[in-house]
Amino acid sequence: MSDRTVGVGMIGYAFMGRVHSQAWRNVAAFFDLPVTPRMRVIAGRSKDATEAAAERLGWDEAVTDWREVVGRADVDVVDICTPGDTHAEIAIAALRAGKHVICEKPLANTVPEAEAMAAAAASATGKSMVAFNYRRVPAIALARRLVEEGRLGEIRHVRAQYLQDWIVDPDFPLVWRLRKDKAGSGALGDIGAHIIDAAQFIAGQHLVGVSALTETFIKERPLAEGSAGLAASGGSGRGAVTVDDAALFVGRLSGGALGSFEATRFATGRKNALRIELNGSLGSLAFDFEAMNELWVSDGGRGFERILVTEPDHPYVGAWWPPGHGLGYEHTFTHEIKDFLEAIGQGADPTPSFADGLRVQRVLAAVERSAADGSRYTTVED
Amino acid sequence: MSDRTVGVGMIGYAFMGRVHSQAWRNVAAFFDLPVTPRMRVIAGRSKDATEAAAERLGWDEAVTDWREVVGRADVDVVDICTPGDTHAEIAIAALRAGKHVICEKPLANTVPEAEAMAAAAASATGKSMVAFNYRRVPAIALARRLVEEGRLGEIRHVRAQYLQDWIVDPDFPLVWRLRKDKAGSGALGDIGAHIIDAAQFIAGQHLVGVSALTETFIKERPLAEGSAGLAASGGSGRGAVTVDDAALFVGRLSGGALGSFEATRFATGRKNALRIELNGSLGSLAFDFEAMNELWVSDGGRGFERILVTEPDHPYVGAWWPPGHGLGYEHTFTHEIKDFLEAIGQGADPTPSFADGLRVQRVLAAVERSAADGSRYTTVED
Amino acid sequence: MSDRTVGVGMIGYAFMGRVHSQAWRNVAAFFDLPVTPRMRVIAGRSKDATEAAAERLGWDEAVTDWREVVGRADVDVVDICTPGDTHAEIAIAALRAGKHVICEKPLANTVPEAEAMAAAAASATGKSMVAFNYRRVPAIALARRLVEEGRLGEIRHVRAQYLQDWIVDPDFPLVWRLRKDKAGSGALGDIGAHIIDAAQFIAGQHLVGVSALTETFIKERPLAEGSAGLAASGGSGRGAVTVDDAALFVGRLSGGALGSFEATRFATGRKNALRIELNGSLGSLAFDFEAMNELWVSDGGRGFERILVTEPDHPYVGAWWPPGHGLGYEHTFTHEIKDFLEAIGQGADPTPSFADGLRVQRVLAAVERSAADGSRYTTVED
Amino acid sequence: MSDRTVGVGMIGYAFMGRVHSQAWRNVAAFFDLPVTPRMRVIAGRSKDATEAAAERLGWDEAVTDWREVVGRADVDVVDICTPGDTHAEIAIAALRAGKHVICEKPLANTVPEAEAMAAAAASATGKSMVAFNYRRVPAIALARRLVEEGRLGEIRHVRAQYLQDWIVDPDFPLVWRLRKDKAGSGALGDIGAHIIDAAQFIAGQHLVGVSALTETFIKERPLAEGSAGLAASGGSGRGAVTVDDAALFVGRLSGGALGSFEATRFATGRKNALRIELNGSLGSLAFDFEAMNELWVSDGGRGFERILVTEPDHPYVGAWWPPGHGLGYEHTFTHEIKDFLEAIGQGADPTPSFADGLRVQRVLAAVERSAADGSRYTTVED
């Protein structure tokens, strides 16, 4: 392992904090890195919970103020795993303090916030990256490689869905992800952002305009623990859902492809079905995260080949296990951290950058404008 | 078999004529029908080809003028298997002559034609039906039954794609299906019409508005044999493609569901992937015609059940073979003819009716208007 | 259509009679044949039922004695669709009468019967064929083609299962297929014979020895209508099952491959899962009849290609519908009849011959001997 | 995390050492354990390689003699990840030294060794476990739960295959896994042992007799680095393969089920296809490790449900990520270590025990005896 170490500080210890910690703790056991991470400090609002998380997840220290993390000399990298409403403030402070920053997606809750973050990144000495982890699914990285090599020819169709069902029950509580002030948007920003980024990444084209519909099927939900601060809108303990439950749109991409996108949390029976299909003049490919070790590829002949993306020459895979011994969800984060550390070590710019994150944010904004404006075709700002 | 016979006359002997003939020839061997069809006469423009078709396909006689079929006393049923530009004239004449009429889809090339046909059907003594054969895939009929029984609860999402790839090659010739004057539209009317009808049928809801994109990827193609009458637009033997290669839209359905639809002939590697997925508050279902004997159903639990739709209690299936001995494409037509003959025998109105066909036509028109008008959300006429 | 006609007489009108009739009725509409079949006469024991079958299935006449069919001058082909205990007598009589004979599988109930039939066939002027219809599944015919072309290299493994579940219920009645005197054996001869023939056909190797187990899980069953002639063995209306419910064996093939075979009617949830996988030094292929239009092929790389066997250049497929418009169970019989008629017309010997049927019979016998003799490795007679 | 710690010493640092280390390093971050593991020491023959492994994999120290590990006071648990020929000596020494022992599979290279190990385990104060990790695939643990609950009824069929292809190339070198003196057997002990254990575990029945075939397709291979000590048997640098390439057998299980098993390294295109299917009187289930997060379950109706085994109430899954966010190969080891540590903490006996490992060893021996003795049905010793 490299003697050059980088100290890491993480903000947040919930779902994303747990999985990022897993990546930090294991990345050096599998990849030869130019710099070795040290898990210095984790920050959270609750002292007890943060200390417990630190011990369990492997962080040296726990603090209750993110500013302390940003200010520490032994922290080189700040990893932001908090809800979207706090990303801009933390990331900009960390960049100004000369830190490298990796920030969960979506980059921010609004385009202006994302612009400020991208501007801060552009003028910073530290490296920055937005954590669209699905780019690091080996099958998706392989898909990108095939497109780059021209195996699909000219891309005509990009078809992407992200289908979940965790809030189908109308009594599921009003968690922070269902409140616009915390989450920015609903299915759109949470999972729609992933398919927008992943599809643009694979296709090597970006959305230039969209015609969109959004919908909130369940307008009110029981207040959750943790959402108790909300004023109940309808009497006994229910509050308004202020984000979309589903967002779908058609659009055009910069290279001439047509796009069809759909993000929903109401696809009963679909758990984490991030699906992408591309059709080109020479071939096609299809992916579904529910079978994440498989990529389906057509060379234009009579069918699709199910490639088990577990061969040593597949992206990231050589570091792990023999063929057929698949990887899981968490490995996408290990790969992301690996690429981030390599960029830091080599002085290169990691991707997806904050500018890439801003681009996705602008698509999200165009979707919302189109939906609000009679689904009219709405140009994505440059 | 019933002693009541109905004489049948068919117009057209190409792809649709062949498969309809197969249905007429075999339906009485498998289903107990109130009336027994007699294959009296087939009409086509070429005398030799029509006579050869008659012998091969099992028709008693061949004629070269469709009017002769419509005028014959021994013909009770007229089956229209010609391109869309001729549907209105033939169907209206046949209905006025007191015949029962089954007409290939899409019902017509324009809304006014379809309106005239629906009006003729409404005032006719004969029965009429538009041949959206995919309603008679056992798996699709079963899907409809499940929705009708409330197994899916309230439908939130309708997701339908019809993906083919037969014109990906830019040197594929300019056949009649690529000319607006003959076919009305391209992928939209040819295959998009099928998923619109099938999805509306299963969901029990109809599209009320759409936001659409259409595209023609290959603008000119070599003139085909049979398209030789065309003026070459660009010099040596090429002509303009005047229909869409792909059409995609999002929309809203009458019962509150959101719809996402896509029809394309440029999905390399997809041969006849008519796919429909519905998500409801209690369950979901998914279908792909490339595996036509399977229906995937979720009851809202942890996954989808792959139902092999080959059980005796499944729609249409009891007439055929034991469980697991699947059916093919042609059987959808046999089922359609069976239902049509039953309706005739019972004096009932078969579905889908010409009014149903008109409704689909209006969706096609709304898609074209939306695509022409900045993808704006466009109301489907009532 | 050819002016040379051959008169056809069929013995039996149950399941196999219905599906063979479907083939005779339709084959000339899809294939250019050197001889055209005429459906002259069908024979069955019940006068009423046979006459009803004749009308429904399209036969000119009905008779109640199979000898009448064999003796008629206007019958050139005899099609035997009766239980196995009658095959030898009928087939030998028909061959001696100079008829062409197609006989359902298994060829006979015993090796001596099969030997007599093969001997009769060898010295007959008529052509003969045993109806292993699964050879005519396009995917299986394509599989054979790929092996023949050397695409799989040297075959190392042949893995075949035929899984059904129609008698899992212990109250399913004692039908003729569960009685040794009528059926010869149980799962072994009924469905095991199919996978033995199909696997040997695809591999181009035959089984030379086997080590087998058989089992009868449910020893007694309610007497069925039609089994009323049986003496109840255990009191009130139950009779002994005298055939195997399941048969499984490992074995060696003539070309050095290892085989693993399993036939059972107790695979709950499997309806007609005839599955074959071959592994060779260069590639592999896999098939499951429950998805009969698909063949999975590996070229030794990273996975399997799902080939939709619906392309014009695939075996038999060009006569039918466009790509992606699948075929069903019955088409395997149409293909079989087509090949049989072509052989008759060309004076060629159709396959599988009675000698091929005898070879399968000898494997069945070796399986039974091995199972009876401590599963010892038992040589298949030459 | 618990204050009770157990010191762990590992022998071996190759494939199994890497994946076991990953489990030790992470188990406490996800599971609440009664004892917390400390990764004290790793042993290997090469000093440099062992030290590098220690640093990379997270062990405090590296030593070159396994006896040192067994003798250390700060080591409570010995984890044996070496080839099979060393298992007995190390395990027995460790048990005698009062350590808890987890040992890679197969338990030993011979039945006498395994018997000695089981005897040592029975009289030891430490706990012992054999590392059949596939029992800890959540889908397999769920399968066991379903059988235990009676959901499948009486089990009739157990069908298991373990298909790999990593030595199809005849120029693949003669590694230790291809030498009987090191590995005991070939595909049989390496992967056949896994399906024997997993199938017996799920079915709750054990094999009582087998009829088997084994084969070595490629008799000689190039000497590998590391196999240089071998005398070349055929001249320039090739040595004899002394183990089976494939082993297949049919057999009977203690509860009346029939079994069909096949293990091969010559299934071209199959990478790690550990497949198990059980058919019972009420239902069936099917699994394939190449899609390890899925279990297919039939309730005897019309098909199989694809259960995504990622729900909180599925075995082991609640500790990880939300539904649909799948696990990978390595997690089976984390689950194994978790169960082992729980047993240690609670003073319970972990499973599979050395006695269970011995039982598998006896099946392997019966397979070899049967194969050597004309595939005769051979009783598995008790």
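By written order: A, B, C and D. Residues from 1 in each chain.
Throughout what follows, a contact is a pair of C-beta atoms (placed from the backbone, for glycine too) under 8 Å apart; a residue touches a chain by one contact, two chains touch by 3 or more.
Here is each chain with its UniProt name: A, B, C, D = Gfo/Idh/MocA family oxidoreductase.
Everything quoted here is computed from the prediction, not taken from an experiment.
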Which of A-C and A-D has more C-beta pairs touching across its chains: A-D
Label of the chain whose CA centroid is most distant from the centroid of subunit C: A
Subunit A and subunit B, separation of their C-alpha mean positions in angstrom: 42
Where subunit A and subunit C are represented by their mean Cα positions, the distance between them in whole Å: 55
Where subunit A and subunit D are represented by their mean Cα positions, the distance between them in whole Å: 36
Multi-chain contact sites of subunit D, meaning residues that touch two or more partners: 270-271, 294, 301-304, 308, 323
Complex contacts: residues of subunit D adjacent to subunit C: 152, 156-157, 159, 161, 163, 165, 168, 211-213, 215, 217, 246, 248-252, 258, 260, 262, 264, 266-271, 279-284, 298-304, 374-377
Interface residues, subunit B side, partner subunit C - complex: 1, 15, 19, 21-22, 25-26, 28-29, 55-58, 164, 166, 270-273, 289-294, 308, 310, 320-331
Subunit A residues touching subunit C - in the complex, by the definition given at the top: 294, 301-309, 311, 314, 323
